[in-house]
Amino acid sequence: MPSATVGTLTVRVLLFGSYAETLGFDEIELSLDPPATVGDALERLRALPGGERLPPKPLCALNLSQASADASLSGGEELAILPPLSGG
Amino acid sequence: MPSATVGTLTVRVLLFGSYAETLGFDEIELSLDPPATVGDALERLRALPGGERLPPKPLCALNLSQASADASLSGGEELAILPPLSGG
Amino acid sequence: MYLTSDPIDLSSLVALVHSPSRGGVACFLGTVRNHQGGRDVLRLDYSAYTPMAEAECARIAAEAESRWQCAVALRHRIGRLEIGEAAVAIAVASSHRDEAFVACRYVIEEVKRRVPIWKREVYADGSVEWVGAGGEAGKTVSGEAGKTVSGAGDKTGAELISQRAGESR
Amino acid sequence: MYLTSDPIDLSSLVALVHSPSRGGVACFLGTVRNHQGGRDVLRLDYSAYTPMAEAECARIAAEAESRWQCAVALRHRIGRLEIGEAAVAIAVASSHRDEAFVACRYVIEEVKRRVPIWKREVYADGSVEWVGAGGEAGKTVSGEAGKTVSGAGDKTGAELISQRAGESR
């Protein structure tokens, strides 16, 4: 559930593979002003050191399901930013 | 090479699976008057007890290669009469 | 040797074909089922025209290896098999999984179509039948296990073989 | 659990799906190759978004089992893998080999396309690259092994994923 500051919402962001190495961490909590979308969270990541190297439209998953940049956040979600898959 | 009687040729006939059970043996030497074909050898088999149950055109192999009923025999060959295959 | 009277170990076939440059391995395992045409099967006996079966298996493997870029391992069991045991096993390794799958499929289809091997099914009711020798529609002489045999039915061997080839496509 | 950090044993997957009524088993094994894009590979590291990867593997297996009459076993290795080790293994058993082959092929294609797993290749020259993150055309930052990483290149993740999907057809 939202916490941090009153009037903001919080999402837990997970980074994997090359993205985690590019930004230097694999997990961060972001506080955003509502209404907020996946795209807003991405903008915040891009402002961090190394964040400019994220592609314009990375694959994202919200609570384990694929989500587009305009998916809205209500707070408390797990948002994963997924590099191109290379399993198998 | 031909042996048995002068003027005849000999082939070794092998039977498998249901054909061996039908005729009661799995190997026989046949002496045939030249010129002789695979079909002539089959006729001889059909005259034996149980031989009437061989199909009209069984699959045959002459020295390990598939052969038709009109393939000629020169003597000394191994002629195999093959029931419908059911390997695998 | 492609025919064996010992149990087949799939992992050892994989080890034969797999290499650091051939990373994709497709396999097929055909095992003895407990039923056939609505009847309960107790066990199988496979017999072969061994020299021709070995030669035909070698030809099939060579065809697959030259047609696709791959390495093929193939074994067919002979003798008595219990339910669940592997009758045939194939492992095909390639640097591309496409080719491994296609070649593996080719090998099993050709083995069934071309290799002189015969399957005799022993049923729970004591009857015995040479598979393909008249099939389910053929006459089955029931009686003392191991001595009985089904009739060859109305179809010739050649007809049955071409039927099988048609079915497998 | 579809992901494992232990070596994968194909025979145990076969045992999971095989039964007396499902006599045909098709398998696929994807192993670590010693070369990629002309470079010598020393080893791989696979990482995953574990809860999503588990859920996606479960969905793929369920799709295959409902679309074809079959039983599916699937494992994907995570962590450090040496050359020749199995990264992914699939076993599909069915009473018809057709369905076993088709379902097995479906599972490997969907795993590659949909499961959030990432492969990091460590090369003989000491460089390291996240596969797909810019690919062979991308920038590779070479240097101390284990600390370096390639750039994400010019393509977005979504573009690269749809490219991959196109290639696999």
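Each chain carries a letter (A, B, C and D) given by its place in the written order, and its residues are counted from 1.
Simple rule for what comes next: a residue touches a chain if its C-beta (ideal position, glycine included) is under 8 Å from a C-beta of that chain, and two chains touch if they have at least 3 such contacts.
Only a predicted model underlies this, so the values are computations on that prediction, with no experimental measurement involved.
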Least step count from chain B to chain D, where 1 means the two chains touch: 2
Most widely separated chain from chain B, with each centre as the mean of CA atoms: A
Centroid spacing, where centroids are CA-atom means, of chain A and chain C in whole angstrom: 54
Centre-of-Cα separation between chain B and chain A, whole angstrom: 78
Chain centre separation in whole Å, for chain D relative to chain A (CA means): 25
Per-residue multi-chain contacts in chain C, two or more chains: 30, 108
Two or more partner chains touched - positions in chain B: none
Chain-to-chain touches, reported pairwise for every pair that qualifies: A-D, B-C, C-D
Chain C partner contacts - residues on chain D that touch it in the complex: 9-11, 14, 18-21, 23-35, 83-84, 95, 97, 100-101, 104-105, 108
Parts of chain A lying in touch with chain D, wherever the complex brings them together: 14, 16-19, 21-22, 53-59, 61, 64, 80, 82-88
Residues of chain C that touch chain B when the two form their complex: 30, 46-49, 51-53, 55, 76, 87-88, 108, 111-120, 130-134, 149-152, 155-161, 164
